[in-house]
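Reading through the structure tokens given below for one structure.
A, B, C and D label the chains in the order they appear, each numbered from 1.
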Amino acid sequence: MTEMWLNMGPQHPSTHGLWDLLVRVDGETIKEAVTKIGYLHRGVEKIAENRIIEKFLPLNDRLCYVANSSWTALFVMTVEELLGVVPPERAQSIRVVLLELQRIASHLVWLGAYCSDMGLLTMILWAWRDRELILDLFLLLTGARITHNFPRVGGVRNDIPPTFKERTLKTMDYMDERIKEYEMICSESTLFVMRTKGIGVLPLEKAKSLGCTGPVLRASGMKQDVRKDDPYLGYDKLDFEVPIGKNGDAWDRYTVRLEEMRQSTSLVRQALNNMPEGDFLIPNFKMPKTLPARAVYRRAEDPRGEGAMYIVGDGKTNKPYRLKIRSPTYVHLLAIPHYIKGARISDVPVIMGGADPCMAEVDR
Amino acid sequence: MRTTAANKGETSAERGVGVAVASGGERRGFEERVVLRLRKLNETVIDASVQNPHRVIANVKPEGIVDVCRLLMSSGFDHLSCVTCVDYDTELEMVYLIWSYKEKCLMELRARISGTEPKISSLTSIWTGAEFHEREAYDMFGVHFEGCPNLTRVLLPDDWAVFPLRKSFKVESIHDKKKRLDGEKAKAVKTQAETPAPPPPGAEKSAGEKGDKDPPRDVIVQKEGS
Amino acid sequence: MDLYSTVHGLVNWVVGGLLGLLEGWGFRGPIVQLVIWLYGVLEHALTVAVVVVLVLVIGLLLVVVMLWIERKLIGRLADRRATMLGFRGIGRGTGFIQLFADAIKLFVKEDLAPRKADKHVFAAGPSILVASSVLVLVAIPMSEGFAASNLNDGLLFALAVFAFAPFAVFLSGWSANSKYTLIGGMRSATQMISCEIPFLLSTVGVVMLSGTFNLVDIVKMQGDIWFVFLQPIAFVVYLVAMVSEIERIPFDLPEAEAELVEGWQTEYSGLKFAFAMMAGYIRGYAGCALGVLLFFGGWSSPVPPYTLPLPWGGELSGPVPELWFLIKVLLLFMFLVWVRAALGRVRVDQIVNIGWKRLLPLALFNLALTVAMFVFAPDLISDPYITGAVFFMIPLGIIIMFWRWGWFK
Amino acid sequence: MGVVQVIGRPLWITLKYLLRGIRRRPATVLYPLEKVRLPYQSRGLHKLDDEKCTGCGACSRACPNVCIDMVQVAEKKKRPGIDIGRCLFCGYCVDVCPFGAMHMTGNYELAVFSRKELLMTPEMLMKVEDTREGTLDEELWKRVYGKDEIPAWPPLPEKPGKGKKDTAKKEDVKAALPDAGTKTEPKKPGDGGSVQDDDAKKTEEKPMKKGNEGTAEGAK
């Protein structure tokens, strides 16, 4: 067969979202690839320049439709750093619970999609079934399943409701058992191992140079986590491990994410059990009429990698002069052509899935 | 010890308030050393200072950005976290945010370039991943990165001629639009009450739609048009 | 008495009765004479037509049943309720009529073809596929009496027709003029080349043991012990190769929906898609049925009653063997569904590896073992238990040996 | 061995689910027939209390999507109307209302056949019914809890907590207004707020109490 260009997207079952990976194939082998994104661009950064902080806050939930609250919390933290506000400890603790639950939910979505790309359709149903429990917890805590709009500048919207703690602790125990089941159907299945081991190898030096972060970089063997390196929300007081892989292949990305889910259940338990008493919102806190004229760059560990926001205040209005959203998956998707060469067409969904794309966040 | 004290002093002076960043326990003066090394590059670095623990900020001249970044790379700043741009009408400010995995320190480089002919050297020779951020900055601000491979539109359509995140690209937010429309409506009602003459057809229609049944419809229709 | 003669008798009885009635009513003109003559000429053609329609209807009904089983079982394995459409509404039934709803939907859907497709070949693909799949059913007896044709070389015929489908798949993949379908068709060809030979070789052992290609005789030879116990390796090879042949999930590369949108079926819609899908299930039935005939004793009942006692005395041997046959076939199919729920898909190079490096040596080894038994211990071959023990123990030892050498890693 | 190693564990674990499904229900909720009960915090369609609403327009100003408009329902009487098609259910309008006139029901079945039906007039908002019905014994939570009894969804706290937190919330609510800074001065935690605020507290209790009774009845 002669070489030809093949569209893996934008309307294609393997792309979870609207994006396109153009691959030049020789038979089944990939010679070259080009990422095409931007189908979902909404100009969020421009919208932010025209809105006051509070009215932009609910839009952060729409930045990523899988890990919504991570972005809202990140935006709130950025604004807090800009204003020089420290939220009460209880609020920070509640945010940790929220973020870690969000991480589990996000990784569950990823796991389901990843496995269903390899034809393992049972796994997607199991993973999404268990995600339902976490969405129920969100419903209980925040009042919404997906778009929570829960963190506020200076704290969170409401205190944890009664029975939430007990319910969440039980669910975390349950989740640990389920993760064992996922391992049984994925890790212990030779077919799964055959499909993932040695596929889409991203060496550490390359990963660092490309700017990959989060599970993708950790799979390449770098012990790096913004929660550890640049602690926020009191993550430095909590006890957790940063899982790393060895080879940087699809298998390592899978194991790293699975282990992260385990760590997250442990983090939720710690945060709930050690939750300090106090306010969930700074008493008498009032948004100032003007934002201070300086710039702040706040990073946070999104489930997909290093998410960050760069906010500039102009000292005159209540609207950000500039808001830059650094999306981890944006980098990961554009980096795919750098390491996909030589793979097969069958590996494309596996490599794509390893980046855990969430298009709303990539295109912003 | 000196470093810590200096940091504290600067922090309290500049920020005035405690920041939600946990301050590292022992600092080895890494930030200070980096600042000193930067300051030695007199001709390219305008000023450099330790903002607060783990944060260094430096203003550089755009011509020397590659040299500065090479220096930073050699002193341990190995992760180019973000490249972005801020539009100050006449000038654009390029912002490079570089993180050091080993020393856990963030470097913020700022370089002012001309707003009319934005041009700066690309960092792709140091970090391959710089290409992605630079393409986005080109896409949104029209900054031309010299030496960046494949400097094309990434998020926006190829045939666009505008750079939407420039301040010259005006967008009316829906809140402003609503205020404006409300004002116009009130004006129309006022003129209608004052003058016995029939109001202009548009205003009448708007007022008619603005009955009890479907309140925000007119606002929405015009909003969608924009 | 087989299906053909039964139907022949039935047709004779019905037509004869009708003609007799006509004669009784006094129609004796030349036209009636012509009809009688015509019937004499077309007697066998009419019978064949009835038999074919019967086989086809049974095949279609089986497709429906298998689809339903697959949907419900895979739903339960994935911890969900599968389709639940019933006559009383959604969620109140067993979901069986969902299949008919789907069929109606596919029938009334617009039949599209890509503008640059080779229209005739594009239309011929699913037709050839369905035709070749239904043709396999002709050779498959459901019991001693219930067979469309009791061919002397029925197994050969079945295997030959069974291997025809990748050709149709390749044709439709090529003709649609789409890159996805093209790759799907290519993959189908690759897969067929790598798995067809082990598939055929795995049946040779059974043929050697039974000494015939006639499927009815092969089943009769399994009166004492099923061949699955005598030929365990052959069965494993057969199962894997069969799953590959019928393109089910561990090996459904030609229609891998994550990589190629729907593989070679991408451009089909409406009735053509229904044909393609139906053919897949008919082939699934055929593969399972051949497996049951070759390795699981066909329609022989493992437990009494072997016949159905009639309340007014006497015994009916009618539906019991057929029912046993269907139960075995559906059980085997359920195993395939189970595998589908538990396993993912392999890659192209991996299936080629599996075919050439694992299945083919295994099949050859099994063949060699069988030949060795015939050459060195022809007396013992008649004792099923000794044969079984030999065929179990030697492969087991060798597999363990290879395992310890890391051959399976 | 080879084959067993390839497919053994996955087959076993799926079989376990199959066998478990014989005794217990699978996790599916048959949606139009069975509905999962939502907790009372959940944010669905808005309900307007005509008696409490003063038509101040705070909700309209706080709305991030400009989907609330004050509609003249009678002489000198304005009430909020909502374009549900634009609403993002952030809950700001509920948070911001000083009189507790608006709250969100659990009504999430909002699909209609035309966009015009999504324009909710004040009359329609007043007639909204809180249809939080359904079963509490969800199959999923049964699995988490095993043989233990699943706790009911907690009702909203009848009193909005300590005075401190209450004030804090109120202030935040005010901050959500675009021009909040000009209106109110920051209060001390112990103050308790003005008379109007006290009224608001009392009035806030009522609909929630009703809601709680609804839960209890539904659960039984």
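Quick notes
Please note the rule applied: a contact is a pair of C-beta atoms (placed from the backbone, for glycine too) under 8 Å apart; a residue touches a chain by one contact, two chains touch by 3 or more.
What you see is a predicted model; the values in this text were computed from it and never measured.
Contact count check for C-D and B-D (C-beta pairs in contact): higher for C-D.
One finds 55 Å separating the Cα centroids of chain C and chain D. Each chain gets a centre from the mean of its Cα atoms; for chain B and chain D, those two points are 36 Å apart.
Here the CA centre of chain B is 65 Å from the CA centre of chain C.
For this pair, chain A with chain C, the centres built from the Cα atoms lie 47 Å apart.
Those residues of chain A in touch with two or more other chains are numbered 51, 55, 122, 129, 185, 189, 191. Shown for chain C are the residues that touch two or more other chains, namely 77-80, 341-343.
Contact with two or more other chains is made by residues 175 of chain B.
All chain pairs that count as touching, in label order, are A-B, A-C, A-D, B-D, C-D. Taken in their complex, chain B has these residues touching chain D: 174-175, 177-178, 212-217, 219-220, 223. Residue ranges of chain A in contact with chain C, taken from their complex: 1, 4, 6, 8, 12-14, 27-28, 115-122, 125-126, 129, 185, 189, 191-192, 194-195, 344-349. By the touch criterion given at the top, residues 1-3, 5, 7, 10-11, 13-15, 17-18, 20-21, 25-28, 30, 32-33 of chain D touch chain C in their complex.
Considering their complex, residues 37-38, 41, 43, 45-47, 50-51, 55, 77, 80-81, 84-87, 206, 208-213, 222, 224, 229-234, 236, 295, 297, 299, 306, 308, 310, 312, 321-322, 324, 326, 330-331, 334-335, 338, 363-364 of chain A touch chain B. On the chain C side of its complex with chain D, the touching residues are 73, 75-81, 84, 90-92, 236, 338-339, 341-343, 399-400, 403, 407-408.
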